[in-house]
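Here come two complexes built around chain A, the first alongside chain B, the second alongside chain C.
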Partner chain A sequence: MRQYKTRSNFLFNLFVNLVMLTSLLLCLIPFVYMIALSLSSPKAIINNEVFLWPKGFTLESYLQIFNYPNFFHAYGNTILYTFVGTGISLAMMILFAYPLSKTRLKGQKALMKLVIFSMFFTGGLIPNYLLVSSLGLINTRWAMLLPFAINQFNLILLINFFRTIPEDMEEAAIIDGLDYFGILLKIILPLSGAALATVGLYTAVFFWNDWFNGLIYLKSSQFPVMLFLRNIVTGTSMVGDAAGAGDKTTIAISIKSAVIITSTLPIIVLYPFLQRYFVKGIMIGAVKG
Partner chain B sequence: MKKTLLISLLLIMTVALTLSAQGVQEKKSEGPIKFSLYYSDNATLPFKQDWLTVTEVQKRVNADVEFEVIPIADYQTKVSLALNTGTNAPDVILYQSTKGENAALALNGALVPISDYKEWTPHFNARVKEFGIEEDVAQLNLKDGKRYFLPALFDVPFYDGGLILREDLLKKYNLKAPKTYDELYDVLKVFKKNNPSSYPLTILAGPRVLYRMTMPAWGISLGKNGASGTNTLSWDYEAKRYFPGAISEEYKSYISFFHKLYAEGLLDPEMAEPIDGDKWSQKLATGKSLATYAYYDQIGGVTATSNIPGFKLEMYPALAGPAGAHHQPKSKTGSGIVFPYKTSKRADFEQLVKTVDEMFFSTENSTIWCLGVEGITYNMKGGKVEFVPEILNSSEGIYKSLQVKYGCGSDVTQMVWVNAREMTKYDANYARINKEVEAMGNVIQAIPPNAKFDDRQAEDAGSLQTPLSDAFERWNSAFLTGSKDIDRDWNAYVSEMKNLGIEKFAALYNDNL
Partner chain C sequence: MRKKRKDVNTITTKKYFARYWQLYLMLLLPLLYFLVFKYAPMIGNVLAFRRYRPGMGAWGTEWVGLTYFRRFFGDPAFWRAFRNTLILSLINLVINFPIPIIFAILVNEIRHLAFKRVVQTVSYMPRFISTVVVIAILGELLSPSSGIINILRERLFGLEAIYFMNDSKYFRMIYVLVDTWQYTGWTAIIYLAAITGIPSDLYEAATIDGANKAQQIMFVTIPSIMPTIMVMLILNVGRLLSLGFEKVLLMYTPDNSMVSDIIDTLVYRTGLANQNYSYATAIGLFSGLIGIVLVAGSNSLSKRLTGDGIY
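The block that comes next holds the complex of A and B.
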């Protein structure tokens, strides 16, 4: 596309670029600062000498967290929950969303209302816990994977996307002899890459970041790495008993930074690979027809 | 014939009884007793299954403990869920008391009233008697007169934190170490004059650290983490009653003093926000702050990192205020061990309680939780503890090195705290300050007794406490920063607190002591 080199176009581009640059810096600086802190010596940090470049370069913080008991174990748990959880979740959501995208289906509206109701109202912590407990899931990894398989928001995204696929294609497929599962597998899913990538990414990020469900449903050997991160970053600033035990313990900021970097990096790295789907996908369901 | 029959019957019975008794004993020695246990894990002291203390103590009491290691930040959530639902609760939970929610849970039968099983906790009873703290322990009883946990026990409370000043600057400006708050004010004035860009006095963590360490010198203890846990009441040690401390003249005088410091730029204005360890160290190490209320263990780290020549921090005994020299009140009992109700249904409950009692409270094992194992971490020479060179010369200090490498001195597992024994882990200076404080008399007062509420009263107290506490926090910050004038707005403040029922709240406590 040719652009006219007028003064107002130039100014507009300059403005847009400046805005983009500012927002880029706003996102990037804290992250770079964190990396710099994690690679600096504690002495330089305490004397306030570190900004965007590490000072007194050291890998000590990383070595120290790798020495924490269970760090890699927890990391492995998180990777497992993310992959398996996302897989289960996508499978369940696809199977639920496809029929719900058919308005002619009897009871579709009622089901939809149930889905939306549960989006706004939940049973609360203890009833949920009792439910998961009576299903015999407590202290098993399934407690992390099954109860969150269907997220209503993502489900609605998928339903709306499926509705944008023309009915005529499915009718043609039926005439050619495909059954509904065949249509879903051979026609709908191949056309839904963008939607699945978007929902998949949302789900993966959810499983990657989730610590609370891990805390309440799992044994400590099954804890995800986020719980570990949380303990290091916030656990030490807890209010202790009246004796003040909690205030006495602090942990070096270099270690906090190193933990944050190691536990967020993989999911950040994932974004550029999914981005091409993601940009398309984020508008999914926005316009129908 | 009859006689022979009788004798043979008796014989058979005796043999059978002996055999069955042996059977029981054999069952006991079959293998270690197994139980699960919740452990509150602090990231500064990450739990290790193979810590010397953990393995050694289990070996000595023949137990096989399944440690569920839960991050401290979420420990209470996990415990609350386990106790509230009753399902999946572990056999033993460490680091608990019966304050707050646990009191209601205990009264409703979620916890074992461990005071009913005195004969199964001989080691605990012996330590309580040895320390002479029967009364302190009795205060932990709830409304029904029963105690639901085995608390940690202290013989003499420590002076582990307080006023910390730049000693090098005191010398430089030719000042004496302050003994009263007025002298502290003068010292801070001089510091400020010579370092105009500094805020001389800062604090670690939040304002609560400052408040709870300094308020007792005015005869009050208020706010978040106030000694009584009421947030707005204080304890009158002479009358042995609660009074509405938040609207007392003592508080007015207290907040006036700190407002003066604030207004003159002597108090760190950032203290309203939590100042975490790193920021705090930064302020002191770079000379942005020159005095602080904090804990002794942290001085070393700051001194080691500061680039200022001659930098020296020192901790001082509690300063005297209008009510004398007092520091944060401390209890001779601390968080301890609870048994969820489910545990009492175990066939070997008696053995379990006895094992736990021995594991944490016996002289032998409590020494291990404190000092480690003789011959490995320390040796006794002429009745004195002498740590092995590896620990003695470690860069992180004896205390930290014992903690991190061996699991000694974790306040989750160490239940018996003997002041003199603890002091062997610190430098001579710390022991000296503690001696000085002990010699000053009643510097560290006891924590006021808990009111013994039933469910309904606890609910009433709770619904009074929250709005009172919120209002107090709001006014307190306003008075401190000067956005409300202490003299002019005092009456408005008092009437708001009265409208929120502070007097009723005090009466509720006093009626249920």
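The block that comes next holds the complex of A and C.
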């Protein structure tokens, strides 16, 4: 262990820690800057006085967006899409993954090929749009939910997980008189908590962050909060009525920051606690037939 | 004899379904989903060869052969988008392929366990932030009037403010750096896992031979994770045409369109904004087919080189 005390190794460790500290700060500073902007007074922002700490502390921008009905509406829409979408998605993926995890099942190989092929070749934007359109889903909330019910990566992750559950447990259950629905509900699912949490989280994050499908399929009262934010950024939609024209841009900056923070808050707050489930997926999800 | 065998067969098939019918019942709905939402649009690609008339169905009205393909092959806007896609992808690959490897190696060298855990947790997080939020934050950081970057440039160096988001000179650099910010930590997980799998006696032997840390990385760590690096490289080459469409769309402005118009945004604009459905489908199908060739090619290369592919 004397090796660690050499000069070159000391310098090496210093280098590692410095680089890591820098990347840590680079990851965090954008968020800190947004929080600082959202809590600063318009005057401090216009004078370019805000860096990583709020100046002229005020909750004005949060009060404004909370009093803005469209923001609440969009936020509610996002919560709805996230919960219903994740629910549908999990149900569909479980129902497909369980039979597909049984390699002895006739037709299983062909179905796996069907799934994997669709990962590499897709319909493309226009055929997808025309499909949703001809199903009559345009301007309905289903357009946000149904087309994305199954993500093949998550499905394969679940299949791989189900395969790790020993089969003798099932055989014992069949002898005890359980059918396959009973096995799935009473044996497989209770053992799959971690995998379901992982897949559920990926799916929930997808629905929470989705905006493009809202843009092409929905009308404005159905917009999710991310599309609402995007429209503020592009100037398509305005938030808050600035009293003076000169104030307008700076007020917009603090309000934009407040929307950014509030719409990302659930992910930032929940992430540290659920982090292990997020990471688990990448390890068991190797894309393999 | 023949009759008997047939009987046996029907009985076992019957028995088979009597035993397994519930499994087939389960997969009925998801299978229907796949046929409707994944395979119908695939077949919908025939629209590239058919004329679309509004209100007369998603499949078009009559066959027109390769008309639309010929048209975009002669369209400078297509070639510009094609070139932009390739250039952006290649720059992204050259810069953002090695960075996660270096990052993983350095994370692995952190001695302080709590610090290591914090670095890992925080560096994975940007992967889960919405593209809209990332680009919105970027817009504020880089704003010419109030962005912290321009303020610092002015205060520290007396430089004039640059409208980064609107200037085609900076588009590619910004795109690539945002990718670095968002995906470095996440992609590094795979390399970290590979590094964790390296037997520790290799390092002990290197230490006894007098190798310092840098030498251990050069001669133990990197050679040991080389198979993982190769598979990841091949995977990335296979994905060369699929850039972050949403990110490009959010960063797209008329002023930077010379470099920011990629195939996907071209399809979006000609297809959904201008409703040239058949034309846009043809472009999309063409790039999809190139994508499939790249994936298949890189996969067989991977199998030949490493004995392992992705399917």
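Methods note: the second predicted complex is superposed on the first by the 223 of 289 C-alpha atoms of A that agree within 3 Å, B and C clash if a C-alpha of one lies under 4 Å from a C-alpha of the other, contacts with A are read in each partner's own complex, and residues count from 1 in each chain.
Assume a residue touches a chain if its C-beta (ideal position, glycine included) is under 8 Å from a C-beta of that chain, and two chains touch if they have at least 3 such contacts.
Values in this document were obtained by computation on a predicted structure and should not be read as measured data.
Chemist: Kindly classify A:218 by the partners it touches after superposition: chain B alone (first), chain C alone (second), both, or neither?
Modeler: Touch status of A:218: no partner.
Chemist: Give one of first, second, both or neither to describe whether A:125 is in contact with chain B, with chain C, with both, or with none.
Modeler: So A:125 meets both chain B and chain C here.
Chemist: Give one of first, second, both or neither to describe whether A:27 is in contact with chain B, with chain C, with both, or with none.
Modeler: A:27: touches chain C, not chain B.
Chemist: Is A:133 in contact with chain B, with chain C, with both, or with neither (first, second, both, neither)?
Modeler: In the superposition, A:133 touches chain B and chain C alike.
Chemist: With both complexes overlaid on chain A, does A:230 touch chain B (first), chain C (second), both or neither?
Modeler: Touch status of A:230: both partners.
Chemist: Pick one for A:275: touches chain B only (first), chain C only (second), both, or neither.
Modeler: In the superposition, A:275 contacts chain C only.
Chemist: Touch check for A:43: first (chain B), second (chain C), both, or neither?
Modeler: Touch status of A:43: first partner only.
Chemist: After the superposition on A, what does A:252 contact: first (chain B), second (chain C), both or neither?
Modeler: first
Chemist: See if chain A has more residues touched by chain B or by chain C, and give me that chain.
Modeler: C
Chemist: Pick one for A:68: touches chain B only (first), chain C only (second), both, or neither.
Modeler: first
Chemist: Which residues would you name on chain A as touching chain B in one complex and chain C in the other?
Modeler: The answer is residues 45-46, 48, 125-126, 129-130, 133, 212, 216, 227, 230, 232, 249-250, 253 of chain A.
Chemist: Mind pulling up the chain C residues that touch chain A in the complex?
Modeler: Checking each residue of chain C against chain A gives 16, 20, 22-24, 26-27, 29-31, 33-34, 36-45, 47, 57-58, 103, 106-107, 109-112, 115, 118-119, 121-126, 128-133, 135-137, 139-141, 143, 145-146, 148, 151, 181, 184-186, 189-190, 193, 207, 212-214, 246, 249-250, 264, 267-268, 271-272, 277, 280-281, 284-285, 288, 291-292, 295-296, 310-311.
Chemist: What residues on chain A touch chain B, complex-wise?
Modeler: Within the complex, chain A touches chain B at residues 42-43, 45-48, 68-69, 125-126, 129-130, 133, 138-139, 212, 215-216, 219-220, 227-228, 230-232, 234-239, 241-253.
Chemist: If we count contacts the way the header does, which residues on chain A are in touch with chain C in the complex?
Modeler: Per the touch definition, chain A meets chain C at residues 3, 6, 8-9, 12-13, 16-17, 19-20, 23-24, 26-28, 30-31, 33-34, 37, 45-46, 48, 51, 92-93, 95-96, 98-100, 102, 105-106, 111, 114-116, 118, 120-131, 133-135, 146-147, 149-150, 179-181, 184, 205, 208-209, 211-212, 216, 226-227, 229-230, 232-233, 249-250, 253, 256-257, 260, 263-264, 267-268, 271-272, 275, 278-279, 282-283, 287-289.
Chemist: For the complex, give me every residue of chain B touching chain A.
Modeler: 41-49, 67-74, 77-78, 81, 84-85, 87-88, 97, 160-161, 204-205, 208-209, 212, 224-225, 227, 229, 274, 276-278, 280-282, 285-286, 295, 297-298, 302, 304-307, 328-331, 334-335, 411, 447
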